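Quick one: this structure, given as structure tokens, is what I'll be asking you about.
First chain written, first letter: the chains are A, B, C, D, E and F, and each begins at residue 1.
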């Protein structure tokens, strides 16, 4: 599924970087290496973020709709909610924050003024927004933070009724995406339904509800996934992926001309 | 507007703290000291957060619906988006993070297992969620993060049509709240309409849109407020406040019995 | 005992802050939330510092003797010597240091050039002095560090003979102050005499002696207080409080015109 | 040139990670994104490290000579010597150190006991060794640090006589490697000879000499590369690459059975 | 003036360290490398602290009055008040704090339970006390902080009337000490009287007064010293030194048997 | 063995520092306080580094071959590989790094442009090189890192055949040096042969081999030394010392005139 003719930042020489057009959008995928239950590889968030970002950048480049370059994605990010499990490689909050800030600082020297994070891991969202402001304040870059798809616990929709809207990790959508992108790595036969039904007792606190709560994934049981992957299909994954790519391509276009006044 | 008979953590002696009932919810208001334009005091977020938290704690205590104590609020928080202005006293992201984590660590020694942040300042939301997870992971507390009202740029509603849904700082609602809570400190005659209309040109990036962006308040102009306070009224503020108190009292009740399985 | 007409920094708007007169002294009370034995609330240091600072600022403002504003006090400070006890909420040394430095940095943007800490907790004294120099060096503010009353272990007098000069925490003076300021929160009937008589065997090392020593409050026994509160009275507390207020008002006056050459 | 059947850590599920055989060697490539003169892409060190590590892991896996998995490489590392140039994205020393330590900490939870860094960027060598010891001490992992090829300034040989033994960045060998691995990204026509001949005046201080010195790449001129790429060939690059792969495969074998007593 | 038969920690082998008697007092001199005006070497505080500590340890060892070892002194400490001047080598507050804490942590492994800082530089006093508590809390060592002589601005006496009690840096006493200890390095002919007479106008704020202030030494003028060294003599220095040694020897004795209950 | 007429930085006054000639080389010895087995004092690395540096500076000063000053050495450095043993006082990696950077920052204010570390402890080498680059980048100093003798595990030779080239800590050479410099502190009768013969089984990983590994000294056994000191002699030590001094004197000369273009 690897795209050719994707404009990659690291394929350039230093003088070529210096010659990038004004308002070029640098796109940085944020993945994760973290347990995703017995049915999905630990690369899941990394794969979805990098594949979607790459495809979106390819679309924009092909259409010439905005100047854009793809940065190497970050595989290791903030997966502290899965710290307890084999397979999780997690950076502490300050390590990831310093990483993002260092990247922003460096891009300033490269003349890049617009930085778009494409995030595949819900656990990065909060810190990523902190980083966006820090980079804006200190280095002047316009910064943007896009989710591959908005996580359910952050206001996004799309979780199935079987999931009671709580397919936040390794559930229907994520499993479908991986059935589309990496079918050989999905072990659907090992998956069941793991929906924290107790959460439905609360009106105000919970995933996608007004009050968030601090959780680690073992709060919900020993299996580490939250959702119902049993009905996932590659077709649904393909649809989700194509929607995400289309939306991200549009985001890149907006990011290139975004202004606040 | 100060409540009597509010159960305050700091009114207790050490042995009284040790004897608090299981599942007592400790409520920590998060304010801000930051510029709010020419018409609102820099205390705005601190006042609204502490007044609402105090009133909600009083309601719960009066009703006996859950064990609860009120912690001293934090006046100085993460106002880096207003760093450029007189009146703003801001902690850097790591200072605030360490403060919240230190509080969580200390509460563990006090036998407190449930900590609810009541936040009056949108700029604290992202970092507060990072802290909730960190405190959960390291000290085992159940942590909750509630907004006084969900900020517009974080999915909340309620901004007026005049504001195009962008009354994020010093606008209609916040000004109304202060006309209700501290009318003598509001200078409505100095306020105009400051709505970043350019943002309406973008579908995907913006306040309350799927893609967030890193901003400081001087990105929108020299006046530092974003919204249209001109039609604010104390009556509207009273309504908002009472809704917030009622909702927060219910949140406290849920927090006391919240479980994930 | 809350004063009206106290000039509070946070009651101002940003333009009002910018218009403060030159040499305005910003007064920042430093309290603590920490165990004070079975007879005093954990708010003791916070109450005494904030009440005295507020009263002193009110005196200066009423007399017009110097330009002055009161900042919101810090409730959570460096109480690591009481880390072992329920009721103590303590910041680590670097968290508090960064907090104080961040405040100093912010005040520079507000045009404030003089910052006076009014400290109610002996455990803050050393770090507070480190912060005073750091803020002076980096941001150019003139900084001052005043104790509500000079702690016994830092050269202050006033501990009773029953205390052998060692009433450093929850003893005669502090209990008297709270009997004056918050009588309803004092449980004098639970207090005894807790004086570390062994310390009298040492001439050079000890509270108020030339050589200081590193201690935590459980070094002296399980009760957490050090002194003899049994004879404390509200009258004595009133006297101490009024002396402190008078002295602090004079300090503010000096701080406004202080110069080194 | 991408290998199939490479055992990749992130292709596994969490239970599969937990079931990895004892003494599995986890291989972590360390690249860089940094200016490499006008003739080489900024990906050079990342490409060479990841390609060689992947090929070596594939050899070992094919031969079954040792249990091994490949971790996602780090593209952004410590390139502070090229901080001044567009195209360089550099982490500060403490950001990279914390990243490496966080990875080591996480691998402990995964049951991994052997970690091999394969480094393509000389600027990572010193810090990488600090990390190896820190991870050993704190988490008990056996850690190893291998260079793709030992850098000239760290005792390695192979720089051409035209380079006076100083082809440390973008010179004959590195350019040859990239002509082999990514010929379409090499702009040999833009390269000249950039050898710091002045260094030959010193016997004791210099690249590959007993005394090292602190340098940034602009110390040697504005072009940012140090060496003589003009005679580089794909054939020489192929030879270097194959030697590196063979050597790394042997290193992996040793790492799997390494013991100190 | 170097003592023979001083028991030095670093002269021991590891097994000898492990065999030190219980309650051995480890003595750590804290000096400074900082400008001391045109008449004194930048080593002044380091020389006085290390010479006095060494002599006191020698006395105690000779008398057998307590088990004691001398640690290597720290030359570079917290001289941020002299940051502006050539000759000053200063550690930031957190660097010094971490150094002291690391030493305390290490001594715990050596079985040392009593650590005495002998401080020759007033600028270390506050942070040293913070470190004493931190080491006590985290590693259980009994920690003590002694001044060579109590600095004037911290309650010590002995400054001459010509100095108005403000001979805090490079004045009568310090110059006399160096005339005794290192006469060949004193340039008395270059010294004048540098007393900040303006400070006498303030009753509450100042050196040795109840309220401390944050200062750097260039606040008082360009010469960097504060006091009146013109009348300094070696005889007076000898007297001061001998008093300090006698007092420190007694402190070591107390430190070896110090207990809080 | 203490040299007279060594130009010591700390013997100077501040104005004398300011008047040092351009290109003066400041020499900073780096030692260690760490276990060295039962036969050598824990001062070993500190003694050898400071004695050699002092002697070399004396030679250069006597010959007038280059402007040079000797800085006070650091006794406490990065000995984390010996963290487990009594006698070791170790700074963590970041404490030492910040110390070195603070020194570099301070020397810039003194007008020093050339800084040479003379290192007696192999465990400092990697971090020292990181510091050299950081100081070069941030403060512009030319920095140099010289080993007293290049450690065996970093490419140096000279370990005896009995040691199989692995006399890295407390072995033949180090013991000989101490027999020359501090014979009264060497307990040769307690030493045996402690050579990790298992390491000889590995071709690529090991001391002085292409691939380094992370180790702590207890990885090799409980005695803490690695090598064969049994045949050490003062004569061999004298030879090594004189060679080191001669070489370091030449390094100082080169450092004073070193340039990169």
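List of remarks:
Going forward, a residue touches a chain if its C-beta (ideal position, glycine included) is under 8 Å from a C-beta of that chain, and two chains touch if they have at least 3 such contacts.
Everything numeric here is computed off the predicted structure, so don't read it as measured data.
Rounded to a multiple of 5, the Cα-based rotation taking chain A onto chain D is 180 degrees. Seen from the C-alpha centroid of chain F, the farthest chain centroid is that of B.
Between chain A and chain E, the centres computed from C-alpha atoms are 55 Å apart. With centres taken as mean Cα positions, chain D sits 48 Å from chain B.
Within chain B, residues 83, 94 each touch two or more of the remaining chains.
Viewed as a contact network, the protein chains form a single closed ring in which every chain touches exactly two others.
Taking chain A first and chain D second, the full cyclic order of the chains is A, D, F, E, C, B. Partner chain E is touched in their complex by these residues of chain F: 8-18, 33, 35-43, 46, 71-72, 74-76, 83-92, 94-95, 98-99, 102-103, 106-107, 109-111, 185, 187, 190, 224. If you check the complex, the residues on chain B that touch chain A are 80-81, 83, 93-94, 97, 123, 125-127, 129-137, 141-147, 150, 155, 196, 198-199, 202-205, 210-216, 219-221, 247, 250-251, 254-255, 258-261.
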